[in-house]
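The structure under discussion is supplied below as structure tokens; questions concerning it will follow.
For clarity, chains are labelled A, B, C and D in written order, and residue numbers in each chain start from 1.
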Amino acid sequence: MSDRLRTTLGPLSLENPFINASGTFGYGVEYAGFVDVARLGGVSVKGISLEPRPGNMPPRTAETSAGMLNSIGLANIGIDAFVNETMPQLRDLGVTVIVNTFATSVEDFVELATRFEQVEGIAALELNISCPNVHAGGMHFGVSGEAAAEVTGAVRAVTSLPLMVKLSPEAGDICDVARGVESAGADIITMINTIRGMVIDVDRQRPMLGQKMGGMSGPAIKPLGVRMVYEVFQAVDIPIIGMGGISCLRDVLEYMLAGSAAVQVGTANYAEPGISLRLSDELEAYCAERDISAADLVGKAHQAD
Amino acid sequence: MSDRLRTTLGPLSLENPFINASGTFGYGVEYAGFVDVARLGGVSVKGISLEPRPGNMPPRTAETSAGMLNSIGLANIGIDAFVNETMPQLRDLGVTVIVNTFATSVEDFVELATRFEQVEGIAALELNISCPNVHAGGMHFGVSGEAAAEVTGAVRAVTSLPLMVKLSPEAGDICDVARGVESAGADIITMINTIRGMVIDVDRQRPMLGQKMGGMSGPAIKPLGVRMVYEVFQAVDIPIIGMGGISCLRDVLEYMLAGSAAVQVGTANYAEPGISLRLSDELEAYCAERDISAADLVGKAHQAD
Amino acid sequence: MKYLRTRISEVLYPAPDHALLRFSADQPIPAIPGEFVMIRGDWGVHPVLPRAFSLVESGDIGSVLVKAVGPGTDLLAGMQEDDELVVFGPLGQGYEVHAERTPVLVAGGVGVAPLLFLARQLAEQGRKAIFLYGARTENDLPLSEDIAEVAELIITTENGSVGEKGLITQPLVRVLEEHPYAQIYTCGPEGMLEAVAKVAAAADVPCQVALEAPMACGMGTCKGCAVPRPDGGYKYVCYDGPVFEAQDIYGTAS
Amino acid sequence: MKYLRTRISEVLYPAPDHALLRFSADQPIPAIPGEFVMIRGDWGVHPVLPRAFSLVESGDIGSVLVKAVGPGTDLLAGMQEDDELVVFGPLGQGYEVHAERTPVLVAGGVGVAPLLFLARQLAEQGRKAIFLYGARTENDLPLSEDIAEVAELIITTENGSVGEKGLITQPLVRVLEEHPYAQIYTCGPEGMLEAVAKVAAAADVPCQVALEAPMACGMGTCKGCAVPRPDGGYKYVCYDGPVFEAQDIYGTAS
């Protein structure tokens, strides 16, 4: 692997700009027998909470046109099991670990960050702020710049890790939220998380999912993600990691041209667990042909003609 | 056509619940030679403004996964030509005309409504509030309940026509906007309008559309529309006309079960100008088989098991 | 095999709306009957998810029996020799064969796939299984000739067009009377599995059922394929199963 | 014809990546060369829009020549006899044939479609057209045999694999010198149209060009297919065109 794909994201440096998105690649270890996980730019693990969570009532997934809904309910093994059992395996495998965390209060976000501060072998922390804040009537942290800045600032105060904050497309004003997290000390913005949708089972005449609504992902949301990355690129100076519907090289190029310095691949992992490595090879070939490095593509679509 | 499909929407009664969506069926007259336009539940004409508009820089359309973007720029012939030249043809054809209007100030919305008050043969007025309000720093009418209520109330005061207000999925809180327009006197809510997306031409390394961003429509946005109709059905008492990605009977059923008393078909008209009549026949057969009327389906997905 | 991009080497059509897809693996596939693979073709953006299929054969050649029931299986059933596939597996827990108990295999429709694999494996070990195969009509009985070669085949159809008229549980009751010291291995529609489990419980015969659930990853990572446990909490079809002891799913109540 | 759900009656493959789709119309298609139809197959949710194709034949049977360049045309070019199509048209403004001027037809690649239709129509009227056909290689010259039957065919290829090596404008210049009292009808890639228009203007010969633009409705209703007018404002390819007088598009400057 030459250096054309080396990616610098503020304090974080990656071998290549391909990160597998949280919730779509487990904890990474499950794929060790299938994919050379150490070669990935990084793995954002399934969202970790203080306590283990069993998840929501099934059915938890449904397919939509060029996309899918999920209402997994952030099922995860909890921080203890992750730190004690999973992290050692990830260190042995040489995976570049990005720890995705979520909580329903600022205090819990801070406690998670504080505890990960002691853990060896973590490349970055990613805050999933698309969750209801129980102390704010369940209004989720991701909808306003203020709420997002509050949790970002509180975590920034206790962590020395590169700090990523993951934005929700349901934000009232995505640029406002982006500015909020930047001013509060985030190093990197990752976007976009899923947007809520519903599928109705016309035979049962009820919502398909046990939880009724689920987060939509996949190619269907790509134009939304590219548009929002394009807008946020003009609103902030910190690097952006784009995602939402990436499933081929062309999608990667669109996100980079819009302003993403790196990308995350989510739903596409289900169909092809090794897709990020394939896309990484394809991007390298693309850059070699043009004798450029991937970084040269970032934000190019903003240039005046 | 039996009465199974007869649809009552507050003050408005339709032969069947299929309306062709604004901007996707022209002014209706163009299709006279292709489709029995009088048999349609209704036609929501291309958005009408006080002045004619030439539209935006091309390219104006781009395709996305299971959807499309458009940045037509609300090109239209203006109210004078519409009233003097188009309306007489629509009356002759016996089309159930829903006049979709848009403006960038409350005053202009009011003037449009006032002038249509004099025009014969209009079944309903539909306000497209997904437009920037020039007097509110371009913040569009559709994003807040307050702004939406203001324009709705002002138009309500001058029109005796059944009043539809069309909601944007980019609303900060769609239920808040729905309650706002209901309290301000709207008779019917239509939803959803397009959501902004972007496609980048990787060869030119620039946004594909002349206007950079465009409104996304088609099957890709259906889960979003169904979810929002489901939410709004619980928030208001006035009838809802659902739309967003409808292209087959199953889609129609999903929207009705979620709470739509009628539907609008948009993008699907491009591939098959007669699709609404075909779906209407299919819905009638579906209802006949089960010996129910379409109205029996409305909101059924909300029943507890 | 684990995970590969391969091509379809042969397509057979054992029944209407059914296709048997064979593909060559880079390395032999060490699979146990009941284990499955996730498969997706190069068909662009819709549908996005791969589909789960029980292995019918393993070795240098893998094969799956596809019944067309929706968008994904329609596309797969329409594929031709040389078309590209992404396949990964074998995944999940297969059947645990009991060394002494008389093997009674109960298949419903496309549930025949993993059980033909099992019947062949038993035959190789010199054990002839009793194979109960139920379907709606004679058109829903793919691979029955192959079964007859390796097992004692008993067929039922709901319309009586072939075999005994009625449901598969009728002959099952008789078979269990003749062979009380049996082990049931079953795969098929939800309703059939439950009925078979009831009969098994009543006859006090152990029963292994292969479940289905909508899946995204097939690898135990997405947590999508949850099924409630009778004792609370969830099991995951893709890695706790798809094969379960009947009572772990339906409780001992049944 | 206007608008119908029909089936493909025949598929021919006149060149690599090209398919000629023939379908039967409920009523004869009264079309003028240069007019087009919008076509979409029953391929589910992606891509959503129909595609525009110039008619090659009208009458009881309609046909279009499809060149596979992307998702929609790949799907159409892969369709088989009996597959369903939704077709509507004829749409737009075709070529206006001048009664006396020598007809000079200039086709680039798949732009041959409407011009073969025109050449045949002229032949029926006893007029033999001069048909200039340019392509990259010999593999990009579908239907040239059909043209030779009805017109005087002159071919150029960029690699010289067949006909004269170079661009079609070379023989065009010569032809216009021999036939100053001519009318040009052209269809092909943007660059070629502009070059042809230049040559025509220089020789003071009237020229009709058939344009393309991404289309949604094809009916003049969506306002998607706008092209800027040299004198400001927009023209719409689907109903002001696709055939235009060259100077209305490129101005008299060229």
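By our rule, contacts are C-beta pairs under 8 Å (C-beta built on N, C-alpha and C of every residue); 3 or more make two chains touch, one makes a residue touch a chain.
This structure is a prediction, so every number in the text was calculated from the model and none was measured.
Note on connectivity: the fewest steps through touching chains from chain C to chain D is 1. Ranked by separation of Cα centres from chain A, the top chain is D.
If each chain is reduced to the centroid of its CA atoms, chain A and chain B end up 34 Å from each other.
Chain B and chain C, compared by their mean Cα positions, are separated by 47 Å. Multi-chain contact residues of chain B, defined as those touching 2 or more other chains: 65-67, 218-219.
Residues of chain D found to touch two or more other chains are 45-46. Taken as a contact graph, with one node per protein chain and an edge wherever two chains touch, the assembly is complete, since every chain touches every other chain. Chain D contributes residues 45-46 to its touches with chain A in the complex. On the chain B side of its complex with chain A, the touching residues are 64-67, 69, 143, 172, 195-200, 202, 205-207, 212-213, 216, 218-224, 226-227, 230, 245, 250, 253-254, 257-258, 297, 300-301, 303, 305. Across the interface of their complex, chain D is touched by residues 65-66 of chain A. Those residues of chain C lying in contact with chain A across their complex are 2-3, 38, 40, 45-50, 86, 88, 213-228, 233-234.
Residue ranges on chain B touching chain D, taken from their complex, read 23-27, 30-31, 33-35, 46, 54-55, 58-63, 65-68, 70, 72, 75, 218-219, 247, 267-274.
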